[in-house]
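In what follows, subunit A forms one complex with subunit B and a second complex with subunit C.
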Partner chain A sequence: MKMLEITQGQADSVFESLSQKYRIIAPVEKPGEGRFSNTSLLTYDQAKSFKEIDFFKKTYFSPKEVLFPVRESLFEFKKSDIHELQEEIQPSIVFLRACDINAVGITDAHFLNNEKFKDVYYGRRRNLVKLFLIECKESFESCFCVSMGTNKSEDYSGFMRKVDNGYEIKVKDEELIPYFSQGKQKDVEPVFVEKDTSPLIIPKEIDVSLFKDDIWKEYSKRCSACGRCNTSCPTCTCFTIGDVLSEDSSDSGQRRRIWSSCQVKNFGLLAGNHDFRIPKGDRMRYKVLHKIRDFRKRTGFNMCVGCGRCDDVCPDYISMFKCIEKINQITDKKETNE
Partner chain B sequence: MYNAKKIVKNAFRISKVRGESAIRLRIPGGDLDARHLDTIKNLAEKFGNGSVHLSIRQGFEIPGIKLSQLPEIKKFMGQMIYDIEKESNVILDTPEEGYPSAGTRNISACIGDRVCRFANCDAPLLARKIEEVIYPNDYHLKVAITACPNDCIKAHMQDIGIVSGVVPEYDSSRCISCEACIDNCRLRVSNSLWLENHKIVRDEEYCLKCGECILKCPMGAFTRGKSLYRIIAGGRTGKRNPRLANTFIEDASEEVVLAVCKNIYSFIHRNINTKLPKEHVGYIIDRTGFETFAEEVTRGIVMNPEAKVLKPNNPGYFYKYRDK
Partner chain C sequence: MNNIYLSKKTEVIGIRKHTPTEWSLSLSIQTETVPGQFVMVSLPGVGEVPISVSGYTADSIELTIRNVGEVTSHLCKINPGDHLYIRGPYGNGFPLEEFAGRHLLLIVGGSAMAPVKPLIEYCLNNNNFQLEGMDIIAGFKSPRHILFRDEINHWKKKYNVRITVDRDEDYAWMGSIGFVVDYIKEVQDISEDTRAIIIGPPLMMTNSVRELLRHGVKEENTYLSFERHMKCGTGKCGHCRIRDKYVCLDGPVFNYNEVKELID
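Then we have the complex of A and B:
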């Protein structure tokens, strides 16, 4: 372990030497790339310097695409011949908050500990990713990580804090320590958020009778099924499979897995044009209960980390937080009746 | 006693009530610093009948003022009209004498990307840039700017309308084929998108550059490319053949928009029927023919590479819908 303080100048040379080996993926602001005219997009991308990293704002999209690309080629085919793609994957260092580190734990559970099934595509990327913690001074408005128990993490290779004239750093990973040879020794410990803006109780037991409750009807009216809640979520990992043909041939191409979203049309579409979960309220129920009930039944922990991105990005102002509050009210009532 | 022509040129109305008038205030782009509302209120209460009329061009009209008080009124509002015009870099030399001209009407604009999610530009700001180029010309000209093809400001009813658009840029590596863009374009726009081999294809011939595919995409696979403008001309109300403006230049840059707005005055100057008290641009175009209009108004302008000057009687605003 190494703890130190470095100047901006020293940080620049650290960045340069790290970049020889690693891609540095971090929150960066991209001017003009926002959805609306004259707006920027704060998102995860390859940073060109530590200076470029925004340590203080929450990103629109999560860092999950480093481990789980939007369109990942699995293998190539030509007629009946198939061969696996040997893609050269560059090691990465990802800068992320405690909630998102906990989210990586959840995607690990999806892909690596899924009833003894190990996903090789996720696994090969996961092995090449190191996590660098960035801290939150206080909870953002829509966050509820303390309530979800995802406000802290010790599962990081390093920690970096932006200070006035440089950075305070704690490096735990032996492989990374040699990169931090310059600087002043200083005790550095990350501070974690201890209080949510609005605390939330996560219901312990959710009875299946909730599936038929009227609370979901509201979402059928309000939700426009855009899928932003899924695409911005750090733990949503649903995907579909598509054969993308080569430009010049109809019998060769690549099989890819492509992100999917349980909120958009056709997610529940089956052969014969049977679609279950047509009402948007049903889709909301499916998503919310997957996050705080079904997944927990299997793994023992919740699938939501309380990062609040789904609330931040929803064009219809639908809130996961409020929905869980409503579920609480119903389960509380049930308990007092019994 | 009073010189009616001079009063009108000075941006005051001749009222049906003998001896009365109304003040007409220019508010380029309909965008006003709220502090001026105090002066407007005082004008209405001190000199007018206590009411303010909001005009369709986004100006203020203050009715019930006395022609006899005009010098006093102009002095009272001088600083305000100077400040408002200065926001557009138009410097009024003698603001205490009121506006130097009134023929070129207030430039109206929708609220643009200051509020609206559909907007492709800051329409009030563009209105101010155009104000800088064309005011204080006195030829009768109506200009409006809409930040997207929904045209909430009714740019299609103006002599010159500016319709802001954006070129959508597509990154297939971020696309999850949810088809939100396709469905929206089919239902609300021109059906110019479809899915082929897990990728979105866009037909440029049909695309209106409304930018809604960018708004709909949950992945940011569509982003904002170049801002381009559709310049439409010849829209008018009035007694003779009211009609919508027709597309004149497609995909113009902001520089071209400003240059065209400037050039249109020399076209009017050369071709206006001087026997009439005033003549609307639409009637002048009817008389000279569209070719002459197009040639004279684009004269000396270096077009951006995307810009296309269209022929007359093109489908204009009656955009094509890809019928597939």
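Then we have the complex of A and C:
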């Protein structure tokens, strides 16, 4: 382990040498790409310098694309033969907040650690990714990581803090220590958020009677089924698979997987047109209870990390936070009655 | 790490047409299949779908396909000698050890005959797998929709088989008419020890469970097999999840107690 303080100049040369091997992916500002004209978008992308990285604001989109791309080719087919694709993947360093590091732990559990089958495509990328922790000074609006227990993480290769004249750094990963040869030795420890703006209690047990509760009806009316909550979520991992033919051929192409959303129509549609969860409120229930109950039943920990992105992005102002609060009130009332 | 999305190229060695929209393909492939499991079947360029194994030998499997979707409509144009890609078998299959020595009652709706057929054949062909007897109630839309007629005649020699049709358009059907659920009361040997297996459309399954429980079959002795949208068959794509269960991993066969509180 190495702990040190470096100047902006020293940081520039560290960046230079790291980028020989690694893509450095972090929150960066994209001018002109915001939702409204003349606004910028803060999003995950390859950074060109440490200076470019925004250490202080929360991104709109989650960093999960690094491990689980929106579209990914699984294999190629020509006539009736299939060939595995050997895609070159460059190693990367990703700058993440504690909640997002915890989110990687969750997607690891889903794709690799917790089940009988392991996903080779996720595993291949995961092996080539190192995680760098960045701090949150305080809970952002809409965040509830402390309530979800995802405000802390020790699972990082390095930690980096932006200070006035440079950076404070803690490197745990032996492979990365040689890159940090310059600088002043200094004790550096990350500080984690200890209090949510609005704390939330996560119900331990959720009775099946909640499925028929009226709280879901509101979402049937309000949700427009755009699926933004799923795409912005760092732990949503559902995908669909489809074959894409080459432009000039009717018998060669690629099989690809593409993110899919449990909030969008046809997620459960069977051949023969039998469908499940047609009311959007049922889809909301399916998603929310997966995040705070069903995943935990399989793995021992919740799937929601409390990053609040789904609340930030919803065009219909639907809030996961508020929904969990409502579930809690109903569950509480039941327990008191009993 | 083994790539779970790659399939094996297999040759189609036989085709049997049951109805204009339903037929069985035999494929040359060595698997270790348990009755009730399914495979993912691919036609590169068209797509991949989960299909129940409707029969198997040491070096072949049989799949029964109904022409209802994009991939299955292409599968119905396949000829012997053509190739299909297969991965699996997946899913748990029937808990055979639970059925040994018991009275079995199978309630089957339409093309759900496909996953049940290997179970019946397993019971018929394994001399050291003894049952207290078997009753089969299978329902089809009309006489023209009946699957596996030859096999059914063969099963009748050893088991009580009741075939019923929803309607008889041709007025040439000598057998039973009505829903499967209406014939449960006619089964003689139902006891607390009966193991019931119900497979078919969701409404038929719900009604049959209710009727079976009324006739003294125990919840813990009742089994269902589910059909859901699936893309991976391995618990990754998320489409077949119901609460904390994945139909592809934990099913498709479930004990009723496991699923009575599962709501999609």
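Just so it is clear, the second predicted complex is superposed on the first by the 337 of 338 C-alpha atoms of A that agree within 3 Å, B and C clash if a C-alpha of one lies under 4 Å from a C-alpha of the other, contacts with A are read in each partner's own complex, and residues count from 1 in each chain.
Here is the rule we go by: contacts are C-beta pairs under 8 Å (C-beta built on N, C-alpha and C of every residue); 3 or more make two chains touch, one makes a residue touch a chain.
Keep in mind that what you see is a predicted model, and the values were worked out from it rather than measured.
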item	value
When subunit B and subunit C are modelled together on subunit A, clash or fit	fit
Which of subunit B and subunit C A:S260 touches, first, second, both or neither	both
Touched partner set for A:F36, first subunit B, second subunit C, both or neither	first
Which superposed partner A:K204 touches (first subunit B, second subunit C, both, neither)	neither
Which superposed partner A:T231 touches (first subunit B, second subunit C, both, neither)	first
Subunit B, subunit C and vertex subunit A (Cα centres) - angle in steps of 10°	110
More subunit A residues in contact [subunit B versus subunit C]	C
Which of subunit B and subunit C A:R71 touches, first, second, both or neither	first
First (subunit B), second (subunit C), both or neither touched by A:L245	both
Distance in angstrom between the closest Cα atoms of subunit C and subunit B, superposition on A	11
Where subunit A meets both subunit C and subunit B, residue numbers	242, 245, 260
Residue ranges of subunit B in contact with subunit A within the complex	112-113, 117, 119-122, 147, 166, 172-180, 183, 197-199, 211, 214-220, 223-224
Contact set on subunit C toward subunit A in their complex	1-7, 9, 42, 44-49, 66, 68-70, 72, 83, 85, 201-202, 227-229, 231-232, 234-239, 241, 243-244, 249, 261, 263-264
Subunit A residues touching subunit B - in the complex, by the definition given at the top	32-33, 35-38, 41, 43, 60-61, 70-71, 226-228, 230-231, 242, 244-245, 256, 258-261, 264-266
Residues on subunit A engaged by subunit C in the complex (per definition of touch)	74-75, 77, 80-82, 84, 110-111, 115-121, 123, 208, 211, 237-243, 245, 250-253, 255, 257, 260, 262, 267-272, 274, 276-277, 282, 286, 289-290, 293-295, 297-298
